[in-house]
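Below is the structure I would like to discuss, written out as structure tokens.
Labels A, B, C, D and E are assigned to the chains in the order they are written; within every chain, residues are numbered from 1.
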Amino acid sequence: MKFDWFVVPFLAGLTFVFGFCGIKFYRCIRQLSRGEKLMLKKHVFSRSLWLSVKEIFSESLLHRKIFRTHPLLGYMHASLAFGWFLLIVLGNVEVKFYSEYSVNPPYVPIFLNYFEPVTAPNFFGRGFRFLMDLLLLVILSGVALAYFKRFNSRRFGMQRTTQHHFLDRIAIISLWCIFPARLLAESLSAAIYHNGSFLTNTLSKWLSALPVESMLYPAWWGYSIVLGAFFFTLPFSRYMHIPTEVLLIILRNAGIRSHYFGHPYQEVDTFSCSRCGICIDACQLAAVGNSVQPVYYLRSLRYQKPHENLTENCLLCGRCVEACPVGIFSTDIRRHERTLGHEMCNTHYAFKYQLKNNTPIEVLYFAGCMTHLVPAIKKSMTSILDHSGYSWRMLDADEEICCGRPLLLAGQITAANKVIMHTRSLIENSHAQLLVTSCPICFKTFSENYRLSIPVVHHSQFINMLQQEHRIPVHRRNISVKYHDPCELGRGMHVYNEPRSVINRIAHLQPNVHEKAKSLCCGGSLGNTYIDMETKLQLADQALQQMEVQSADYLITACPLCLKTFSSVSPIAVKDIAELAAESIKDTIVPFVKVIEENKSATFAEK
Amino acid sequence: MNRGKQLIWQNYQKEIADDHFFYVRSCIRQNFFPGAEATFLRILKDVLQKDVYDDPDHTTCTGIGYHTDIVPLETTMTVVARQFALMTEKGYSHFIPSCVTSFGMYLEILESWHNHPEVLEQVRKYLKEATGRSFELPANIVHASDIIYKFRSEIAQKAKYRLINRYTGQPLRVVEHIGCHYAKMFPHKSVGGAEFPRVLAGIIEEWGGEVIDYPERRHCCGFGFRQYFIKANRGYTFSSVKKKLDSMQPYSPDLIVTNCPGCNVFLDKGQYVISEQEGIVYDENGYGIPVLSSEELAGLVLGFDPWDIGLQVHQVSVEPLLDKMGVEYEPEKKYLGKENIPLGRPLQPTVLKTI
Amino acid sequence: MPSFGFSVQPPQHIDLDKNYRAIFDFIKENEPSFQRCIYCGSCGATCSAGNFSQMSLRKVNLLISRGQISEVKNLIDNCLLCGKCQLVCPRNVNTRKVILLIHKALKMPLS
Amino acid sequence: MPRIAVIGGGIAGMEAAIRLSNLNFEVDIIEKSFSLGGNVNNWHVLFPDHSPARLLIDQLKNQLRDKVNILLGTEVVRTEYNNQQYILHLSDGTRLTFDAIVITTGFKVFPAQRKEEYGYSIYPNVITSAQLEELFQSEKPIHTADHRMANRIAFIHCVGSRDDKIGNRYCSKVCCVTAVKQAMEVAQRNPGSEIFLFYMDLRMYDRHFEDLYFQAQTQYGIRFVRGRLSEVSEKSDARLYLKLEDTLLGKPLRLTVDLLVLMVGMEPADNSPQLANLFSIPVGTDRFIQPENFHLYKNRTSRPGVFVAGCASGPKSIGETLADARSAAFEVYNFFNNN
Amino acid sequence: MGYLFDRLKNDLHYREGMQACINCGTCTAICPAAEYYDYDPRAIVETVQRGDEAELESLIKSDTIWYCGECMSCRTRCPRNNTPGLIIMALRALSQDTGYFAESEKGRQQIYLKRTIGHNILKTGYCVYAEDIGTDTHPEQGPVWDWRQQHWKEVMERLGANYQKPGPGAMRRIPDDAINELHKIFEITGGLKQFEKIEEYSEKKARSLGLQWDETLDNEYLQQTYNGTRQNS
């Protein structure tokens, strides 16, 4: 059994990390409900575990997603994570090759060259040495990049980068030191035993001038110490994400989600944030100077800092979730945290409206609060539904019922449930076969919180269906438009194609850089109760600029709220997709408007 | 005296006849303070040697019925017409109501007749049909307090007492309360207008007192007709009284003078009610603030026996005031009837002190 | 004391001399746009809750600025936070935040 | 060259005289008081830009200098008209002949004591907006009549305007914004004071007026209450007790203030009806001089050669008054060049 | 505008009281009722001015119009020379004419007023007759009043009243032909008709409420209107 005192820092650190994580993970899993524990068991002891393994490999080690964001950034992360991983694996294989013991303490592979200094290695030995050097080189390049990124993040496709705090700095410094230290130790031993490869050899030649024998032992100490330092700070720094992410991936693939604030899954989520800062650019609020992004929010959560504004000040547009390489549902965490402490709203609403007639109908139309402020949509939907030939009725003509989502988003769960119960009973009692709504916000709520016995669709889907079945005529018009995906409809409900096919039947749809999952938020989101109207309009303005709407005749959207927010700042007219469809039912466009449109699109063609 | 008020008063001077009056009585005053009307007539007849006719045939003007909305306008108008007819038949043209509600109502009706002659004609027909009487409109119609105002200096000359605190030599601090219907409807038919009425202020100052102006001076006494006569609404009345008393208390008044029978009742009885309900009395000695009508005050300064004037039927004892003024009176005679028949004495209230 | 069958009441008016401003100030501190309100009533006109209750943010703002807190709770209790008022407000008052702040203020010891 | 009499030496008269003399008319200003500038002499700073009123008057005076013949302390007592000329008999006994007349007699502030229930001239701490302007002249904080710091101040709109009871149904137009301007000025001088504005409608009709309103609300925390003052009474400590209704809440409202400012409206100057009479030109039910036509000929009167400008023909802001004076001058010019 | 409005417009009180309201609130500001009840004369004038028949109907069916004390302080202050007080009187007349007064608790009190004041007028020629104002129904009148009631006649005579005797003087007996003239006037001018209406509609209401009803003041219905079901307002 080989031992030397210098391995103590490393060994202690390693034990500490494993101990810490062990306890932490055990705690998390114990907090899971019985059902969730079952799901976890089913996942771990079944073939589906393979999914997790694959994901751990591709995300935690190769960082596939980050590669997609920016190759250089991806390489940086992959080189460090995957490189180090291979180093450890290879180290262990090499040990098997030399050591006479079948089992070796964990430090042996790390400090192999101290315990088993191979003199004059044979062919295999040289192979190992070469691979080791190669990996080390790769890792070092990663370190170099990381170091470089501190000064110039733009080269890595990041406008802004995270401000780190104290513990993170220690951790990051020790991490940066680990591999240079290893290089030094390896090179020194290479200088003595001449067992290095291209990297260590070259370096050993330069070092040979120095008293290498007396330097070697301290070098090993140094290597062990930085490793130890890293391991000790890891649990308290961003690097806790390395072990946590593994658990996260497993839980996620087991189908476990968070349902309330403080759910173990959320703790895992929180700890899995590597503070890479990719969410900062994704967040439109950053552009107007609010540091409220998940990276900061989760950090403040993790260190129990006061963060009320962080909780409230979020559009819940979900762009950060889309961008997050780890796939953290930070918006869920925020929404759940909002429920804490301010369940303030009423829980007994004295609704007056009752169903006047409940003669069975085919389509039940729910305009939604915001739609009532955009009569054009109501009007268009009326004519569309009349043309559709379906029997239909409008549920919220009295403008007094609500889907309940605004309350949900503000964390007023109990109140929201009352509203939901009421509206749900109205829907169910209407004996309709299909529920159509014009508001993506309502659409999401109906689909997620209502457990309705009838299908619910957004009007863009409904219109698409009608057009496909030729239930409503379509007249093509010579206009070119841009389409804006509403958050709740796109990222929220993954409805991307129907609106586009509707538009394509009627007008020329211009490409839009920020589309589908990458779509921008209009700024008017109900999710944010914090920022004032001015800021919201500022966001809308920026969004329009980024979408380069000027090139189009109309900006088409599918959400009354987006429409209202955009139209107050938009340089071009903003229309709802329903308006577009309704207008194209008959050639209702006044002639001279057509002329103008044609000239416009002519000039557009010249561009 | 305040310059600004003088300027205002100049705009509200009205003609007040100086003799040959036709007097009509007040329901409330007759019931509650019969002595006040007796005193008024005594002053006019004996002190001022005026000709005043007290008609046995006249009736209520139905004012309270009118303002409790049970008597229709036409009916009230015709009853009023009848009073005028009596006046005309007896050969008078100067009309003096004792009651402020009546006074206001007479003015209101005359105004309506003036604006709508057809209504006047209709009323003449009604009256003819009902009673065979016909009438002339009064040449001059003023309230009893206007008469006292007109002759305030004559009274002052004949006065035995002045509104001076004989212990301090300071003028008595007097609160004036004008019945709402005296000036609020027709400021130009009043002395001094609705905002700073002169009618009582003039009397008080003339007789040596100091008038105090307090925030709720113009607030109604709270009678409110149906509000008082229905028990369920009566809180309205005494809440109003309380508001007024609370507002005047900081000025520690010695006396409240009013020209309206109703106000007289409620400001007086109100002090009893509030003392019972809230335990509050509005003067430091616990006797409350005496409330006198202009007639009673006139009688008092002229040296009439307080018990002839009828000050014993006030709930708030007047003796502290009499002492301040130095009025001579026989305390033991307070509760005696005619020919000094003893009638016992009222019970003591729980809080409010009485003598 | 005889039973009078009625009782003397204090006057019912708004008394700006004992005007309770704590809640107004709290909201003003946390959301300055609150004091821009010109009481035009646009919010009340579009209010969903207004269709089944007396809710009107205009009225709520008034009551708060006049210190008439007692009536506020059962008004805003009807609010659905739908945010229509925010879109129609000519003075861009951040109405949803204001309402949440009012709820909060009413829960605080100061009220 | 025709000779023009401008009756009234306020800013309207001065501006008209300047423009007329620029058009090479011979101009006399006939002013009954002993100084030029009229009411504006009493103002401190002007809305919406807070520029000093004195400056405006001085500028006008400079332009007048030795162009125009100015008769101070003079009034017109009689007029004759023969062969298209007006002979004016003046209070100093002289008789002057003119080819045209411009009436710029302006306005007088509403005498607030006529609104009896407001206790003006009875309660010392009730003052008018005009008096407040005078207080502003000294750059000191605002105190009450009994020398206490004014910590609670109320401004009452529509005093002498929009009021059939005192016989003025019309709106005086400038009081709303003046109240806001003055309230802000008081807020600056008396920091921490509570200021209330009681209005019926806020008529912020012109450029930047609404901005002033916004500022007053957000920067100075001035409190606007919709309701008209009904009654003022004095408390034993000489503070004033106000009774109104908060008409937006439909509830009676009470408050005590240290100082009450009445936003007095405009009434025709005392001599303007007589003057109208002398020239036998009609006045409206509001007693302001009636122009021949409200849109086309708002400076002409029914009488050829007699013109009107400024507040003599109804309430106007200073800007409007000056513009009106200019257009009057041009009307005079047309009068002579078309005949 | 409709049936009710046309009738309202014919009322002299309405014609004299209603010019054109600018909702300034000077009336409510000094209204004694507005400080005691949840009451706003301005709002009433506004309702009437708005001319909505349905609103008017629910107004004259409500307690609201019965809160006014008819002190007429409002008349003094109105910058448009309206008199809310007179408008109220017109509304009350209409409410009694249509029988809607019986729909509100405050309105129902009219029967009690009719049976006290109304009866006094026709019986005695006085609106109030002190002997009926006992401290049992009017405890607020206090001990001195109580004493007077015990020695009613004596005190009256002590104070120079011509108590219940013919000829002039306070509290005299008003001659029968005077009383008869009053009756005749009431008959011709619609006074009696109004009394009958109040009786008729009140009786209907009493029956529909299942309350005991008779000619006196002591039956359930009248006692309830007099003493009220809730304290104050």
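Here is the rule we go by: a residue touches a chain if its C-beta (ideal position, glycine included) is under 8 Å from a C-beta of that chain, and two chains touch if they have at least 3 such contacts.
Quick caveat: nothing in here was measured; it's all calculated off a predicted structure.
Participant: Which contact partners do subunit A and subunit C have in common?
Facilitator: Chains touching both subunit A and subunit C: none.
Participant: Compute the centre of every chain as the mean of its C-alpha atoms, then state which one is farthest from the centre of subunit B.
Facilitator: A
Participant: Point out which chain occupies the most central position, where each centre is the mean of Cα atoms.
Facilitator: Chain C is the most central one.
Participant: Which chain pair has the highest count of C-beta pairs that touch?
Facilitator: The chain pair sharing the largest number of C-beta contacts is B-E.
Participant: Provide the C-alpha centroid distance between subunit A and subunit E, rounded to the nearest whole angstrom.
Facilitator: About 75 Å separates the centre of subunit A from that of subunit E.
Participant: Roughly how many whole angstrom separate the Cα centroids of subunit C and subunit D?
Facilitator: That pair's centroid distance is 39 Å.
Participant: As a quick test, compute the distance in whole Å between the mean CA positions of subunit D and subunit E.
Facilitator: 49
Participant: Pull out every residue in subunit E that's touching 2 or more other chains.
Facilitator: 30, 34-37, 76, 140, 227-228, 231-232
Participant: Scan subunit C for residues touching two or more other chains and write them down.
Facilitator: 2, 4-7, 9, 11-13
Participant: Looking at the whole structure, which two-chain pairs count as touching?
Facilitator: A-C, B-C, B-D, B-E, C-D, C-E, D-E
Participant: Please give the residue numbers of subunit C that touch subunit D in the complex, ascending.
Facilitator: Touching subunit D: residues 11-17, 19, 32, 35-36, 38-39, 58-59, 62-63, 65-66, 68 of subunit C.
Participant: In their complex, what parts of subunit A are in touch with subunit C?
Facilitator: Of all residues in subunit A, those touching subunit C are 342, 344-346, 349-353, 369-370, 372-373, 398-402, 404, 406-407, 410, 412, 419, 524, 526, 529-534, 564.
Participant: Given the complex with subunit E, which residues does subunit B contribute to the contact?
Facilitator: For this pair, the touching residues of subunit B are 25, 27-32, 34-35, 37-38, 54-60, 62-65, 67-75, 77-79, 82, 104, 111-112, 115-116, 119, 126-127, 129-131, 180-181, 183-185, 187, 194-195, 218-220, 222-227, 229-236, 238-240, 243, 269-270, 272-273, 307-308, 310, 312-315, 335-338, 341, 343-349, 354.
Participant: Which subunit D residues qualify as touching subunit B in the complex?
Facilitator: 113, 116-117, 119-122, 231, 233-236, 241
Participant: Going by the contact rule at the top, pick out the subunit E residues touching subunit D in the complex.
Facilitator: Residues in contact with subunit D: 19, 22-31, 34-35, 40, 42-43, 76-81.
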